[in-house]
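You will see subunit A twice below: alongside subunit B first, and alongside subunit C after that.
Take a look at the complex of A and B:
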């Protein structure tokens, strides 16, 4: 019960703090508008007619990931500079729960970038919002959110080790967009890169979103991807737990929690 | 007296990069030993870079010692930190350590949740502490609208939220106006009366003399003198003269 309170309170505090930051507002409101326009222009002569699956989902996912990535990773540095990282780290509750709460707060706010993409696509380009399997789509959407939270948690833990978090989060934002197939299918990537894609759970989450938006043709294929997504996500969760144990010791040996 | 903090041959090194390949080992704390009894106000004095903050960071479980023993309430600060953390708290000087985009009350509410205070006691405790640091009438204002001194008082309130047995204060009066500094000194005295232990670093020697039961003077990571203020003063008239002599300055 205490864990839930900590996650919930951290989430609320994070939402309050993120929402007033200009960068977060940019990621939340303007980034999806620009991405939707650009993706629409890219896809207009591509022969692909399902604009929802590529333009709206693509820009929505980019906005969602951008907000989560820049906020969750950047927040570690913001906490470090405001002197609160050391305080929340040495609080008697687990720092893991605090981080998860913060990422959940950012994620909930970030869902609005999806809404922005939908609105822009509908108003500017009159794109039909036709989701063939709405129930399965909702399921896939929730799975996507969970996967993003897991990945962002791992990233946040890793960034505790360094003070150059801004540099690293810029380095991870675009590769994940490409490797997970946010804006085009991963099958278009070179074969060696596809191997990397298959190791990232968000790849399966995005595929599930597209399958359910376009209409499930093979239900077995859908469930196979759900199983793969679950399995890899569980491995990531186990990895995150192990990573935290290592990082928990490492940051105190290296002394990374303060600015100086 | 019950020893609540035990430090033996404590050493802490940092690795600093020099250029691309070279690394340099900096010894921040070099084999120090001291003990603090329950209910004492203990001072760690020294010049900037003497190792005071590093020592506090090790005692508050933020940093791992490179060598030696560092125990709080009988538990190792590195390895048994979970048994320590809910019984201690720390206040670092300056304007950091609070969320500026939250109100004073929201800050304290969040930190009290992190210290697992019962929700029934939470409101009462927050009001009590806000009163103590004279922020009750600004409790619902955003911390970013506060003056430097008010933020520092909020930080003090945060450091007391869990009613800690031991409070570590690293230059807590830095930047405080005379009224704020006096208020903090009164709080420290009040904490001692309640049986709390305070480990304090400060550059204000008069403050140290007024408050501390015992103190150590550090220089280049080592302890150069320890004892009660009168022992530290020795033959000098003021603690400042003795201090300057010990850290290698010149007494006029």
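Take a look at the complex of A and C:
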């Protein structure tokens, strides 16, 4: 119960803090507009008729991941620079719950970037929002968000090790977008990279979203992907717990939670 | 003597910007991440247009590689001067302000030129682009002109750093606009007429068009387009100097030089 309260309180504080930052507002409002326009203008000559599956979903997911990635990774940097990272790290409540709460707060706000992409697509380009299996789509969307939270948590833990968070957080956005097939199928990547992308849970989450948006043709295929997604995500959660223990030890030895 | 001091100052600015990073991080930031972004955009184009001949996009995105050093590197120059409390000394000193503004742009322009060439080389290696029919002297000249223009634009944006504390948002917004408006990803003719005027007024549009032209053997408007690109660069510097003078006057009145 105490853990839930910590996560909830951390989430509320995070949402208030994030929303006043101009850069977060940019990620929330402006970034999805740019992505939607760019993808629409590129897809307009592609012969692809289902704009929702690639343009709206692609830009929406890019916006969602961008918000979660930059704010969650950036929060470690901000806490470090304001000198509070060491304080919240050694607070009586677990740092893990505080970080998860922060990421959940950012994620809830970030959903608006997806809505923004939908609105831009509908208003500016009159793209038809036709989701063939809405219930399954909603299920897949929730699964996608959970997966993003898990990945962002791992990234936030990893970034605790370096004082150059700003540099690394810029380098994690595009690889995940590319390897998970947000805007084009992963089959387009070279074979070794395809294998790598199969180890990332967001690849299955994106496939589920696309399958449910276009209409499920083989329900077994859908559930197979759900099982794979759940299995890999659980492995990631276990990995995150292990990683936290290792990082916890290293951070205490190195003492690099402050700027100097 | 004055010229020597100018280049010394330019080197010191560059050193100041990069001092926080070691060699690997510098390569990651200046080369690795931009090249990855370029490959990502080329892959989207490959899927959208169903083609393996990505020469057009490799050229456009190679030019856009300058964004990192010219827009983000230069855009935060004056914001950083405020942040570190040096802006008072700069404004109070009797030095030539236009020389100071230009000194900031020397190394980012050189880095941008190198990055653009690397982009073209990566295009040959990753996407097997054939440049055998293109005279490299023309490409070299276009890259130099484009990077000068982009650096001047970065300096103009940098002056805005004296007015606002949200430069990261402004610069990210500019990056998005350059992606859409320069014609690197799709022909600007697809945009509404009024937006096309904006496209022509921003850097890189003209040089990208010039190089795309010579790729298909069209040298007709090459020099005119480059002249326009160079002229727009001069206009950005003049605007930067003018804006600096206006802002300097305002900040002297309000006493709002410093960040805190």
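Throughout what follows, the second predicted complex is superposed on the first by the 260 of 260 C-alpha atoms of A that agree within 3 Å, B and C clash if a C-alpha of one lies under 4 Å from a C-alpha of the other, contacts with A are read in each partner's own complex, and residues count from 1 in each chain.
The rule is simple: contacts are C-beta pairs under 8 Å (C-beta built on N, C-alpha and C of every residue); 3 or more make two chains touch, one makes a residue touch a chain.
Bear in mind that the values here come from a model prediction, so they are computed numbers and not experimental data.
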Fit-or-clash call for subunit B and subunit C when the two complexes are aligned on subunit A: fit
Touching partner for A:246 - first (subunit B), second (subunit C), both, neither: neither
Touched partner set for A:124, first subunit B, second subunit C, both or neither: neither
Which of subunit B and subunit C A:45 touches, first, second, both or neither: second
Three-chain overlay, vertex subunit A: subunit B-subunit C angle, C-alpha, nearest 10 degrees: 90
Which of subunit B and subunit C A:238 touches, first, second, both or neither: neither
Partner chain(s) touched by A:219 [first = subunit B, second = subunit C, both, neither]: neither
First, second, both or neither for A:174, with subunit B first and subunit C second: second
Contacts of A:188 with subunit B and subunit C, given as first, second, both or neither: second
Smallest separation of CA atoms, subunit C relative to subunit B, angstrom: 7
Those residues of subunit A which subunit B touches in one complex and subunit C touches in the other: none
Complex contact set, residues of subunit A against subunit B: 2, 5-6, 9-10, 13, 16-17, 20, 81-84, 86-93, 98, 249, 252-253, 255, 257-258
Contact set on subunit B toward subunit A in their complex: 14, 57, 60-64, 78, 81-82, 85-86, 90, 92, 94, 96-102, 106, 109-111, 113-116, 158, 162
Touching residues on subunit C, where the partner in the complex is subunit A: 20-21, 25, 28-29, 32-33, 36-37, 39-40, 43-50, 166, 168-169, 172-173, 176-177, 179-180, 185-186, 190-191
Touching residues on subunit A, where the partner in the complex is subunit C: 22-23, 25-26, 30-31, 34, 37-39, 41-48, 164, 167, 170-171, 174-175, 177-178, 183-185, 188-189
